[in-house]
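In what follows, a structure is listed as structure tokens, so that the remarks can point back to it.
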Amino acid sequence: MEDLLEIGGKKIACRLFLGTGKYAGNAQMREALLAAQADVVTVALRRVESGAMAESILDYIPPSCTVMINTSGARNAAEAVRIARLARASGAGDWIKIEVIADSRYLLPDNLETLKATETLVKEGFITFPYMSPDLSMARRMADCGAAAVMPLGSPIGTNRGVRTRELVEILIREISVPIIVDAGLGKPSDACQCMEMGCAAVMVNTAVAVAPDPVEFARAFSLAVKAGRLAYRTGMPGSAAEARASSPLTGFLRDHD
Amino acid sequence: MEDLLEIGGKKIACRLFLGTGKYAGNAQMREALLAAQADVVTVALRRVESGAMAESILDYIPPSCTVMINTSGARNAAEAVRIARLARASGAGDWIKIEVIADSRYLLPDNLETLKATETLVKEGFITFPYMSPDLSMARRMADCGAAAVMPLGSPIGTNRGVRTRELVEILIREISVPIIVDAGLGKPSDACQCMEMGCAAVMVNTAVAVAPDPVEFARAFSLAVKAGRLAYRTGMPGSAAEARASSPLTGFLRDHD
Amino acid sequence: MEDLLEIGGKKIACRLFLGTGKYAGNAQMREALLAAQADVVTVALRRVESGAMAESILDYIPPSCTVMINTSGARNAAEAVRIARLARASGAGDWIKIEVIADSRYLLPDNLETLKATETLVKEGFITFPYMSPDLSMARRMADCGAAAVMPLGSPIGTNRGVRTRELVEILIREISVPIIVDAGLGKPSDACQCMEMGCAAVMVNTAVAVAPDPVEFARAFSLAVKAGRLAYRTGMPGSAAEARASSPLTGFLRDHD
Amino acid sequence: MEDLLEIGGKKIACRLFLGTGKYAGNAQMREALLAAQADVVTVALRRVESGAMAESILDYIPPSCTVMINTSGARNAAEAVRIARLARASGAGDWIKIEVIADSRYLLPDNLETLKATETLVKEGFITFPYMSPDLSMARRMADCGAAAVMPLGSPIGTNRGVRTRELVEILIREISVPIIVDAGLGKPSDACQCMEMGCAAVMVNTAVAVAPDPVEFARAFSLAVKAGRLAYRTGMPGSAAEARASSPLTGFLRDHD
């Protein structure tokens, strides 16, 4: 009956994963997480370690949430691995979103370095979520070496352009054995809904919510849309047709009254 | 705080209007209406008048719903007007979805006959909802003569092809003073969500729900998606960008740990 | 063998119709028409009648071209009819693109007034080309009353947004007996190519060519693209598939060399 | 004036590269190559080496064409390298399309093995054209190690689905220093035209032409479309707009005649 995503030893009810960057403040972020009933949130390690005096962002994350540290800022596998180890050492847990970016304009992930980091971190017992440019051969390697899920981008980070990589993401969904979680580029609730209808296990959203005029209500909207798309996928989608099919009895009506 | 659609003297909370055709049975239809918390449902007059002995479809519509009789089967304005009058005479109320179809392959509405029927029925005190092929000049005439809303099609009836007329529907939303309700062709919750994000006042769905593997859950999914899209529209959508914008602090991270 | 469009008693080789507005000058316009080998060009009547002293735009149109006067500026049927009659009286011929626009923001045609003007002008012996918002019921009336062709818009005039009305235009192509000529909104040669592949009889382009950095070469590009699309349509398009099909022998190759 | 693609020491006029698989016969293939005025054609090595008695496909390729041997059938870098060496040894030249496919359903390339083969073959003096799943980080490595061009797929081989990877291909065009040649999935001339307008240096087509009802005319259509798109790109595309802009003088016309 219940529809839980089992991943990394946890059972997750909310398939909308949220980021924590770009909010106007920690209190607003917290409200957005609560409005969405988020179960998984990503945090950049740097933001965790803001020093003894500063308040930690972690204090604002509801205790029911699982924190996934992202390796934002890493430019290669070695840096990503180092960030992951620092995260674990600082008590931030072992869920790691592996983000290795060498491109400064589109912030696209480096699939090869990401794969290397995944291989290393899986061996060290991390629960890994590699963020990647959608490509079947690399996604398969990530899954084969033990990634908990694969996170292809919908479009470049922060662009709100939607699932422009749909053709490739749909292939990942059919061919890869671990959950597919679209991350990056989703700008509207309908984008997230569409991903779930396609069969994604979850989606990750940050910018669209954090920079919306009303982040709390926008988080709620995304959460509803994810539920809608998931429900439609689970219960089965009807097909589409090239020509019309009447939904009401069309002909002969008036004859009966003549 | 509350977000009600005021139309024809009523205040409507649920912006997902549902049809009643094509369900496996009346009990299933009723469950779907309840799952969606539908406030407005369309019924073809023929199905209302199934004779004294037969059970009426109306008995299965929750009392909280407003019934909108559709003129399905009408091939011209005169036939549509006659159906509307019969509906009123039979006690089915004066909310009329004006559907005039002369095309048997795509079931596309005849805008000119639809306009004529609208003019006549408005004068007779009906609350009219003309179903139309999206066209600014005809939609404006319908609004000017007193239509309660204008219902452009997303794609041909029953095709589940989505909002293929988006370019024209968006123009109606900006230029027409009465509510725009996309009717026909919406096949997935994300289609409905997208319509609401664009600024539609409501959407109407029949085939996609009624023929889904699980109509009740699919109705629920559509209802959630409509809420999501409406909430996003109301609170304001963020824009999109051509290039990436980091959602986490990207640079300098590792330097701090060197 | 030859593929000529027969319309209004003429046989037309070039299925790219060009407008004459917005060029930097008449000489440039003439060069563009020649580069495209255009056979049909539209001219606003006002621009024909620039007074005795002024040079006429008509002097710059190659003699092989058929001039189609457009009723640009008309806000209703009566004005369009008047312009058409003035055009004939001034010797500009009887090919009339009927353009009736009541909307100042999107410049969308008024289908009902356009139909009325078509009815009148057909009776007066004009060869009429009504410009319309794509709608099957109105297009059918225009064809039935004698329009030489029907010209649905691809997107609003001058926007270069392409064939956003594709769903409706494809229906016109299948259901309407006279040639369908997409007019307005085509911004790139590939847009025009796509229209021809769909089965349009011709396309009309003005803004995209006239405001291009190099109108002459852009006209040539559009002309090639129209030829390409037409040729593909005539000889038959292959279908598409959901899964891959090898184009080269894939397996067993290396075994042969082992 | 002339617009030649310089690649591998050659100057290429025709930016439509054609494959040689799937034709009904060699004579038809030859006619298609001539109709397109193709300068570059790919051949699977296996088809070159059909034995002493059999006629060779190479006899049917016009002498003006440069032959690019593809490594179709290779499942890893080692196999691709071996095919390339065999090709050179058999006198088929040193232009190699590196195709390494490990996926039997979508025939998607294995980017990592393709990169390895590219590195090896470049060192051995081959002119390499790696076929890849579009991904910036891997394309950059291929270019950096000396690939003559990078060939991202538009959609899976033989599907005729068009440029579904547009978002990623456009990024390659802007960020990668070697020519980008879209290969696979282009089904219509307008697809090829669109690629060229985006700024691709060339496109490669096989299935759509070879299985068309009339391959010779379809090759001609593709060739025209590629020329059109290239010309538009070179001379500069106009932008697009959200609202309409009149192409003819709209107002005041009739006042002049009142």
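Labels for the chains are A, B, C and D, by order of writing; each one numbers its residues from 1.
Everything below uses one rule, namely that a residue touches a chain if its C-beta (ideal position, glycine included) is under 8 Å from a C-beta of that chain, and two chains touch if they have at least 3 such contacts.
Everything quoted here is computed from the prediction, not taken from an experiment.
Between subunit A and subunit C, the least number of touch steps comes to 2.
Note: the chain lying farthest from subunit C is A, by mean C-alpha position. Centroid to centroid, with C-alpha atoms defining each point, subunit C and subunit D lie 31 Å apart. Our note on geometry: subunit B versus subunit D, Cα centroid distance of 45 Å, whole angstroms.
In subunit B, the residues that reach two or more other chains under the touch definition are 105-106, 108, 156, 161.
If you draw each protein chain as a dot and join the dots that touch, you get one closed loop, with every dot joined to exactly two others. Each chain pair that touches appears in this list: A-B, A-D, B-C, C-D.
Taken together, the subunit D residues at the contact with subunit C in this complex read 19, 21-22, 44-47, 70, 72-74, 79, 82-83, 86, 99, 101, 105-108, 156-161, 187-190, 193-194, 197, 206-208, 210-214, 217-218, 220-225, 227-229, 231-232, 234-254, 256-257.
Note for the complex: subunit C touches subunit B at residues 102-103, 105-106, 108-113, 115, 133, 135-138, 141, 155-156, 161, 164-168, 171, 174-175.
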